[in-house]
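Listed below are the structures to be examined.
Next come two complexes, and both contain subunit A; in the first it sits with subunit B, in the second with subunit C.
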Partner chain A sequence: MGWPLIRVYTLLVYLFMFLPVAVVVLLSFNASQFGSFPMTGLSFRWFVELAQNEAILRAFRTSLVLGALTALISTTLGVLASLALVRYNIAGRNLISTLLIAPILVPEVVLAVALLLFLNFLSINKSFFLLLMGHVIFTLPFVILVVQARLVGIRRDYEEAALSLGASPVQTFFQITLPLLAPAVFAGMLFAFTISFDDITGTLFWKPGGVETVPTQIFAMLRNSISPEINALGTVMIFLTVGLPLLGLAIARRMAMQRGG
Partner chain B sequence: MSVEARERRQPWILLSPALTAIGLLLFVPLFFIVVYSFWLRTATGADQAGFYLDNWNEALTDPFYRDILFSTLRIAAITTVACAVLGYPAAYFIARSKGNKALLLLLLMLPFWISYIIRTMSWINILGVSGAVNWVLLNLGITSEPIQMLYNEPTVILGLVHFLLPFMVLNVYVALEGVDVSLEDAACSLGSTRWQAFREVTLPLSLPGLAAGGLLCFVLSAGTYITPLVLGGPTDAMYANLVFEAIITQLNWPLGSALSLMLLGVLGALVLVYNHYLGMGQLMKGLG
Partner chain C sequence: MGAVSLTDIVKRFGSFTAVQRMSMDIPEGSFVTLLGPSGCGKTTTLRMIAGLIDPSEGEITIKGKRVNDVPIHKRNLGLVFQNYALFPHKTIAQNVAFGLKYRDLSKADMDRKVRDVLDLVQLPHVADRYPKQLSGGQQQRIALARAIVIEPDVLLLDEPLSALDANLREDMRVELKRIQHRIGITTVFVTHDQSEALAMSDRVVVMSDGRIEQVGTPEDVYNTPASEFVSRFLGISNILSATSKGANAGGLSLELPVFGQITVPKEKAPHVEGAGPVKLVIRAEKLLLTDLSAPRDERAAFDGVVEAVDYQGQAARYFVRVGDQQLQAINMIDERPFQEGETVSVRFRPRDCAALPGAPS
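Let's look at the complex of A and B:
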């Protein structure tokens, strides 16, 4: 295959990845009352209806709280475990690493069934607590992988310097290690939040009746038929999960450049 | 306590919350459903504890379950091959391009940030009765009535490929990044053609990435149940749909346990074979 051919091929692959999503965004501004072609005009009416839909707003709140708590717990556990793996020479490190990422290797359906049935056996029914535990367990490996990758790049010298100058280990952790770690912690939290916010497979098993997250709400709405409201909701989700991180990245880069210049 | 003893205990204190969580929320529950799969759900809806082989007998010999297991594996295999065919050249292009590599990589990461359910349902806008393709066909006068292109096995595979392609491209890209370009140049200077150099040098060296991407695509597609529900018809159930049906709809939890363990066994065996030959290192590289 010649180079120009590979270029065109790659372009087509990227179009395949993004065109359907672009159509969702396009149709969400369609004035027509059916969520489909042709476009009869530009309108924000579906976003207005979205903002007035009590069920969707509730789902948003549930997803946000669930994602935030998942990120908090998962990142705390993940950062501690990563510190142990990167900073210490421990016996059986490979085994421990494998155990910690095991939740990725088990199909999510199986993980969902096992957790649901076991906690039910302990008389813990479907609840927000079960949902949270489930989200923590399958986001934890990703947090550990991301945090570990960042941690390897942080030199130990600074900590040793602080210790040799008389700081206690706890002081050293909070004043030296944690600030150096902040980007890793932030990346882990963002990752955990996004995975939790997007999850549907486990969530459908764990969620109590009447509780919906944004993905399960979209799924329930799809049962009827595709409506312009779903496209609008999709557009909002895309903006939140893609637009905001990109904006954050751009701001961070700008700030770094200003500091550098 | 001596300093050394404290130094030795510290990592375990740091590890214990995560290990406890994974032990209590993954390993103990997995062990529990192994035991549970031998219990029996009686007609009254109560569970009969004991050692009954009925659920396993049903999961292993019922042709209904067996057929769906095979069709699930077939769908996963086709999806994996399609991802490899679509993904490899794209990954090669990204790895070897000079100017816009950062942009291409950023774009490649974007699908991971877009909700799975939205990416899946987006195909209804494209292929549905009132979707983009039908609209074009009608306006060009090629068809006089909209055609239903959705809700069959090919659209399930299409949805899975769309969802999993970025995993494949990323894994192959990571492997190709590790292959020195000058190796290909060396092969060329020794008289091989570009294509030969690629086939004999670069391709074999990138196979671990292809295998890692392939494993991810296969395992993730074989375990899915949302895509067939959104893009498949009534007869396009995959194995995870059976699990969901048994657990959530029929409330036959012992049978559901046996079915989930079947799925875990088949996919776990695949992961073990992979691990035996290639190790987990490459997979972790692609995930991190």
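Let's look at the complex of A and C:
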């Protein structure tokens, strides 16, 4: 194949991937009653209705709280696990590392069912807390991967110098290690938040009755009808889940540059 | 007892023994260098004094106090690394003040100490900059300032000059020695660079394979090596097989294949006992090449042929054959270097030689 053909082919692949997304964004501004072409005019009507829909707002709040808590817990655990794996010579390091990363490799639906069956086996009822724990399990690998990569690059000299100057190990962590690790911690946190905010498979299995996140709410709405509100909601989601990590990575890169890598 | 004492220190990593039963006493205020090739255990020893690794056996004392179970942050040490290890997210002033934060000091005292130490390392104007805005040499001075501002009991330097380029390294060598002398701090310096060790130390500890080969002043270890390893590691030496005929009034009488009878002063052969096989060590720069016609002096003279010339500017290293022996000689160049194939007179003073027990390895 010649270069022009490869260019056309590449273009078609990108179109196939991104056209549906573009259509959703475009149709969310459609004035028409029906969420489909032809467009009858430009309007913010569906965004306004979205902002007045109690169920969606509630789902949005749930998703935000769930995402934020997931990010917080995942990042804390992820930083601690990375420190243990990178800085200490613990027995079975490779095994532990593999186990912690495994949730990425296992299909999410399998993980979801497994956790559900396990909870049934223990006769524990579904709750928001367990939903949160589920999200922590499959966001943790991302945090660990990002934080570990950065931690390996931070020479031990810095910590050893701080210790020799009289800082205790805890003071050394907060004064030296954490600030140097900050860009990765920040990036990991964003990853965890975005993945949690986006997730539907695990959430459908784990959520207790009456609790809806934005993705499960969209899913429920789709079962009744295809309302243009969903296009508007989709647009909001796209901007949140694409824009937030991009913004975050830009900030993380700036921080990394200021701190001299 | 010295400022730092190691008694029967052993360090094993799994089945590998990095330091084998080492004892050493470092006097207060002295500059002691641990010198050896990589893997000889010098850095491991330094890190044990620092408390970054625990010895498998033995005892370490600092100022008479056993520190085996004292964690590094309570040992009051100054530590300087090869890669400076300045905190990249803190300014120079914050870097230097870091250790002072953990000592009970008023803000005013702290500022004054930071100013004083920056003056001492001759970088008073960089306080508000970040480490990456400084050159390598400047960063290393700041690392030194950060380590000495806390007035540590011992200053530990882990190859602090090896990341600098050659010219800067020599300047820093002088500078480091000046500062050490000025504040009179007990210093342990680790290096694989013999010229650093010889130029800076009060005492040199030559190490190999986790053992101490020799402890002595720079002149001692250079001129009277205690082992073949030391003579080969420091400078360039010719090591010749010889037979000892025993001591007489003039010193130790040796019989050599090509060079015949040579008498080495007793103090240049402290470890040789009686008759038997020995090694004669002649430093390359003590072997003088001259024209055949040059007037004789006290030196023993032999005819030799130059086989190769390694031209170094003000000096040259010659590979010269005398009989069936190839020797190395490093001589200053007078007018012109000798040429390959030229026949020269190879001369040396027996008292410049040293003798070691045993046959060459």
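Going forward, the second predicted complex is superposed on the first by the 238 of 261 C-alpha atoms of A that agree within 3 Å, B and C clash if a C-alpha of one lies under 4 Å from a C-alpha of the other, contacts with A are read in each partner's own complex, and residues count from 1 in each chain.
Note that in this section contacts are C-beta pairs under 8 Å (C-beta built on N, C-alpha and C of every residue); 3 or more make two chains touch, one makes a residue touch a chain.
This one's a predicted model, so the numbers in the text were calculated from it and none came from an experiment.
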Exercise. Could you tell me whether subunit B and subunit C fit or clash when both sit on subunit A in the superposition?
Key: fit
Quiz item: Regarding the shared-chain residue A:65, is it in contact with subunit B (first), subunit C (second), both, or neither?
Solution: neither
Exercise. Identify which of subunit B and subunit C touches the larger number of residues of subunit A.
Key: B
Quiz item: Of the two partner chains, subunit B (first) and subunit C (second), which one does A:165 touch, if any: first, second, both, or neither?
Solution: second
Quiz item: So, A:152: does it touch subunit B (first), subunit C (second), both, or neither?
Solution: neither
Quiz item: For the combined three-chain view, what is the angle at the C-alpha centre of subunit A formed with the C-alpha centres of subunit B and subunit C, to the nearest 10°?
Solution: 100
Quiz item: Thinking of the overlay built on chain A, is A:13 touched by subunit B (first), by subunit C (second), by both, or by neither?
Solution: first
Self-check item: Partner chain in contact with A:252 - subunit B first, subunit C second, else both or neither
Solution: neither
Practice problem: Applying the touch criterion given at the start, work out whether A:178 contacts subunit B, subunit C, both or neither, answering first, second, both or neither. | Solution: neither
Exercise. Once the two structures sit on chain A together, report how near the CA atoms of subunit B get to those of subunit C, whole Å.
Key: 5
Self-check item: Touching residues (chain side subunit C, partner subunit A) in the complex
Solution: 50, 52, 71-79, 81, 83, 85, 87-89, 98-99, 101-103, 130-132, 143, 146-147, 150, 156
Exercise. Can you check the complex and tell me which residues of subunit B touch subunit A?
Key: 10-12, 14-15, 17-19, 21-22, 25-30, 32-33, 36, 86-87, 89-90, 92-94, 104, 107, 110-119, 121-126, 128, 130-132, 135, 162, 165-166, 169, 195, 219, 222-226, 229-230, 240, 243-244, 247-248, 253, 256-257, 260-261, 263-264, 267-268, 271, 280, 284, 287-288
Quiz prompt | Of subunit A, residues touching subunit C in the complex | solution = 155, 157-158, 160-169, 171-172, 175-176, 179-180, 258-261
Self-check item: Touching residues on subunit A, where the partner in the complex is subunit B
Solution: 1, 6-7, 9-10, 13-14, 16-21, 23-24, 27, 34-38, 76-78, 80-81, 83-85, 87-88, 90, 96, 98-111, 113-121, 133-134, 136-137, 140, 142, 144-146, 148-149, 194, 197-198, 200-201, 204-205, 214-215, 218-219, 222, 226, 230-231, 234, 237-238, 241-242, 245
